[in-house]
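In the two assemblies presented below, chain A is common to both, partnered first by chain B and then by chain C.
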Partner chain A sequence: MKAVFLTRLIRLKKEWKSILFWFVFPFIMTVIVMQTIGAVQESTNIPIGVVLEEETELATELVENLEQTSNIQLQYLSLHSALYKLEKYELDSVIVIKKGFEDKLKTGYRNQVIKMYSTDRSIAPFTTVETVSSYVQDQASRYKAVGEIQKLYTKNNVQEVVDAEEIIEKSKKRLEEKDLITPMFQFSTDSYVVSSEQTALLNVWGVWALFSMLATFFIFDWIIKENTKAIAVRWLYTTVTFRWYSLWNLFLYILLIVAANVLSVLLLTIVLDVMIRPQFLFVIIIFSVTISMVSFVIAYRFTKPFFYYVTSILLSLLLAVLGGSFVPIDGLTRRFEGVQYLSPVHALLLEKPNWLWLICIAAILFVSVWRGGRSHASS
Partner chain B sequence: MGVLILKSVYNCIFFINQYGKQLKKKWYSLLLLFLLPLFFIALILLLLISFILPPKDDPITVAFVDQDKTTETALMSELLKRTINESEHIDIKFMTEIEAAEAIERNELSAYIILPESFTDNLYNGKNVQLPVIGNAQRVNESYLILELIESLTRYIESAQANILTVFSYADQFYMTAEEEKKFVLDQFMSFTLFTLGKSNVLVKETIENSASTTPKHYYLLVCLFIVLTIWLLGFYTVLRKEEHRAMTIRLQLLGVTSLQKTVARIVVSLVCSLIFALPFFYGFMYYIPQEFFMIDYVRVLGFVSLYAVIVLMGLTIVDMLFKSMKVTLLVQLLFVFIVIVLSGSIVPTIYFPFMLQPLLPWIFSNEAFSWLIDIILEERNYADYTLLAKMFALECIILFVLAQMFARWRT
Partner chain C sequence: MLQVDNLEKNYKQKKVLSDVSFQIEQGEVVGLVGENGAGKSTLLNILATVIKPSAGQVILDGMPYKGNQNAMRRHIGYVPQELSIWEDLTVEENMLFFEKLSWTKRTKEQCRELCLNMQLTQWEEKVSSLSGGMKRKLNMAISLLHDPKLLLLDEPTVGIDLKSKNEIGKYLVDIAKNDGKMVLYTSHDMNEIATFCDRVYVIGQDPFYLNLLKANDVDVEHLAGC
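Showing the complex of A and B:
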């Protein structure tokens, strides 16, 4: 055993740069991917055509509010050219502020003051509807307040006409000053709370899982490199068989990979400002051990590194997709329960240890190394 | 000079033959290569479809946990229940927190919302209220959908509340008995809540058809074809990789074989094979859709597809030359192909691209090729301009040539 570790040490002396690179690779790639996606998400740009049928104060206010909404880019057009552009799919949707907008709003009536056109390829009609109607609702609601106060005055026999502008100013100020209601989101499995801005398009751990699988697969190419015919002859002159040599090394590598993965997860929580439960680290350890053993079993079957690399990439992608790294798979798991067992990534994302994969792969490893060992002896 | 060129052309042809033989020996990997991108795309489509279409018989279930238990919270949750039931595919229940947590454990609930103690009081006094939303980690999408819904609702409530508070501040000038005040407050609350919940009336929506979306199915089929073609290019290029011993390389060099000749051969073989895979699909697609085509259209499609393919393949070759490690090369090539596909505008249409990227768009070759294919095939455009793709091709030729010369000198 000591001899095995010493041999490994000699090899590591030569290869430490490459190994180190693959250890930090998941961390670096996850940071890059998450930051890029965040930046892209922020600067995504939804082109919306605006048709102003009246240029009153309230209509201008609405448009100004829309201008300030992030991710929306307005183009002022006539109805004809807006619809033409929409047909050519140069706009996501078109908003028409109809004639009589201000008059209707001032009487506290806000039904059908806006018309929106979209196509069946539009990505954002739902969000646009929400944004526009919330602004209009805001405006209308303020005039409703004015009406209510006027009613109050009349009821108390005050002859004065209320100062609508003052009321509206007060209401606006109140809305701006305080966050009155804050939704706090958390998953039932979490002990922490995320504010909604953090709900990114992609799950950090899904991305990390992909790159950590890739790195682990790549690190395990030593089995192929050290199992060539030229080296195989030398085993005959040693007291250790290749089987035991590789098993001891598997043990060593599992330790290293677990340490590297735990470290990279901890670093990620700091750099990307996400929180995890302590139990999650245990899940990460189980995941790392599982993937290490999967890599070992697969690498054991290959003779050419190149095909092993291609297989590694394909397998990592497949497991990540099937585990729900990119597109959530809950729609599928509800229809076919078995889907959730297809990839160890799914359990990782649910922050549960995946015993099924661990036990299965341990059994496969045992059988394959045992048989593989025998065939080596006979050849 | 003439002899030299002839010799290198001869060498190229020799290697094209070699690569051809190599492929024939690996027919099983060709079959795999053919099916692989189709399989991956089918898988992702399946996931997307099951993601977008929730199962009909299984609506999203949300629970309200009312810990405040005032007339207002009861009213509000009842009203919310009605409006939400009308518009969305959502089922709302009332539970205690323990029941809700258990229901999530059994995966029967997508999320629950807690109306915390003194919710109403805080609202009336203008104090900040926190509204915990607890999602089911086994139903991520639905939880986020609920969160989005709650966020938009709280925005409306906030705005209504600001107005209610304003009305209250004016009401303070008048004397009211405790009884009257209570009634007034509740009246205002009701009236504004109802007004808020009617927000869906603000907008009239109309869906119109745009020229490509008269056939959204055809558009997405073309998108898939384009992506599959790109993956095949990477696949063929990868399969044709050949490890050569250093001794062999030196021997070949002595025979006047340069790495450039082998590279050209590899690109040609990958190109021809990918076209053999892809063109029947493109032409079959054009035959299947109702648009009418002339001979020239088929030629144009061939032109754009092959120019695009050559540019991608040469890009892959450049990556190959720049990186030494096999693992890194493979990953960078994969990344390259991924970026090419994303920037083509086939997955997310280019109109949604960030503002800074827009002026660069005409220079992105995959976007150029993809939009020409859309124009020619779906919009029956009777015009074609290859200038930009040709420029890109020429640029890559120069880079490739320079790199090949540089590396040839370094290695010797």
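Showing the complex of A and C:
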């Protein structure tokens, strides 16, 4: 084993630049793709001017809610600038949060607290108007409810002091707990339910998985290069057969690839500001081991690097598409459960380890390398 | 001693080798010549344990090949006609790579000395920038790393200059006479064969090589061939 690692060091000393490139490739490509998509989305977002005549807690909360709305881009301006830009069609519409907004809401008054300006070309999405009006109604209703409770206390001569903020907070908490936004649908005739386990469109980890698979496939071209027809004869006169040599190297490469992938994922969480659970790192390890073994098994069957590279690119794309890297396949997996097992990427996107792929590829590795590997002495 | 008895090799219906018998003593340099397709490379491949014979037996120092292939390989050095070296590595890296995986351990200095003995001096040079003659020498040096008793060379001097040919030939004679190795090698250069070989075997039906070598007073013998 030591001898094999020493020989690997000789080769790595020569190939470190290319290996390093493939190690950072998934990270760099994921950042480029996600940033590019982000920039494109940004430029296609609808510009909406926001005029804050007061910066109270409720006004800020409304603006934060608006910022969560997709496909719009808020610009904070004075009324004068906002209306000037609107006239020039540089803004789609203008939302003015009027002075006295919070006071009016707190008294349950919800009329004329917001003013909206638009033009004949305005296409302000329905969701924006909905967000504003539903927020205003929500808050006004809450404060109205507080007022009603206060009235009831006075009417019944209850001496206890009513804490308006406490009632408001309790109301918000109840709303979150009831999960009104994500309802569960179930048809009486169907056995399946709509799961909350869903993958997003062009997931960061889906993009990363594609480039990680490509990099792993390209790293494993050493199997072909180090057992060419000309070199193969040398392995007859060495202490280890090529089979053992390649298996020990597989072990070494798995360690390196796992380390590189874990580091790459951690860096992506920082650069792209993505949250992950600690368990996700375990999923990444299982995924990296699986893909390394897949690459090994495939490379072992090839004699010409060119055909291996072409196969690698096609296979990576196929696994990424089947796994839902680009377009979610949740609908498909609900209808045909088996689809989720066609690619190890799907489990990665659901943040689950794919044991099935790992066990299957380990079995195939055993059969193809141990029993059916390229032999040297033929009869 | 290498003893070959009634060796045969068939590929499906085609007979490639038929009834080949000969022997090589310790310290001998033996040439193997014949026209293209006569079965020289097939015979070398069988002796190198790359392929198995259809019939007959091979015995090296009293140990038969059959059933002992892996053990026999420790005593065989095979220099294939195609260069079996890594072009992207240096001479040093090629030597050290295979030394790490060799049955015989050598220091870096000993590896270098092995190369110097056959006038391969560009130790730190990348193989891709070496001349054809130097590449052939490296191809041979790697095969000698585990200090084999029997050295089999498939046209080791093909396509190289006269000086390198001479250096390789002299080195083969040197390791046979001084280290007691058995050397069997094929070549199409009759001058080279006549100069460096103690004996020559001619394989195949064409009497051309046999007559040519006999005319030059070379100790030559005809193998049945195919």
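Note that in this section the second predicted complex is superposed on the first by the 214 of 379 C-alpha atoms of A that agree within 3 Å, B and C clash if a C-alpha of one lies under 4 Å from a C-alpha of the other, contacts with A are read in each partner's own complex, and residues count from 1 in each chain.
Going forward, a residue touches a chain if its C-beta (ideal position, glycine included) is under 8 Å from a C-beta of that chain, and two chains touch if they have at least 3 such contacts.
Quick caveat, the model's predicted, so the values are computed rather than measured.
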item	value
First, second, both or neither for A:Leu6, with chain B first and chain C second	second
Touched partner set for A:Phe296, first chain B, second chain C, both or neither	neither
Chain B versus chain C as contact partner of A:Ile123, first or second or both or neither	first
Partner chain(s) touched by A:Phe23 [first = chain B, second = chain C, both, neither]	neither
Chain B versus chain C as contact partner of A:Phe220, first or second or both or neither	neither
First, second, both or neither for A:Leu236, with chain B first and chain C second	second
More chain A residues in contact - chain B or chain C	B
Partner chain in contact with A:Ile114 - chain B first, chain C second, else both or neither	first
Touched partner set for A:Trp357, first chain B, second chain C, both or neither	neither
Shared chain A surface residues [contacts with chain B and with chain C]	none
Contact footprint of chain B on chain A as seen in their complex	18, 40, 43-47, 73, 83, 86-92, 110-121, 123, 125, 129-130, 132-134, 136-138, 140-142, 144-145, 148-149, 152, 156, 162, 167, 170-172, 174-175, 178-190, 193, 196, 199, 203, 214, 218, 221, 304-306, 309-310, 313-314, 317-318, 321-322, 324, 326-335, 349-351
Complex interface listing, chain B residues touching chain A	36, 40, 43-44, 46-48, 50-51, 53-55, 58, 101, 104-105, 123, 126, 128-144, 147, 150-152, 154-167, 169-171, 174, 188, 191-192, 195-196, 198-213, 216, 219, 238, 241, 243, 325-327, 330-331, 334, 348-349, 351-356, 358
Complex interface listing, chain A residues touching chain C	3-4, 6-7, 10-11, 13-14, 229-231, 233-234, 236-240, 245, 376-379
Chain C residues within the chain A interface of the complex	48-52, 69, 73, 76-78, 80, 82-86, 88-89, 93, 96-98, 100-103, 142-143, 146
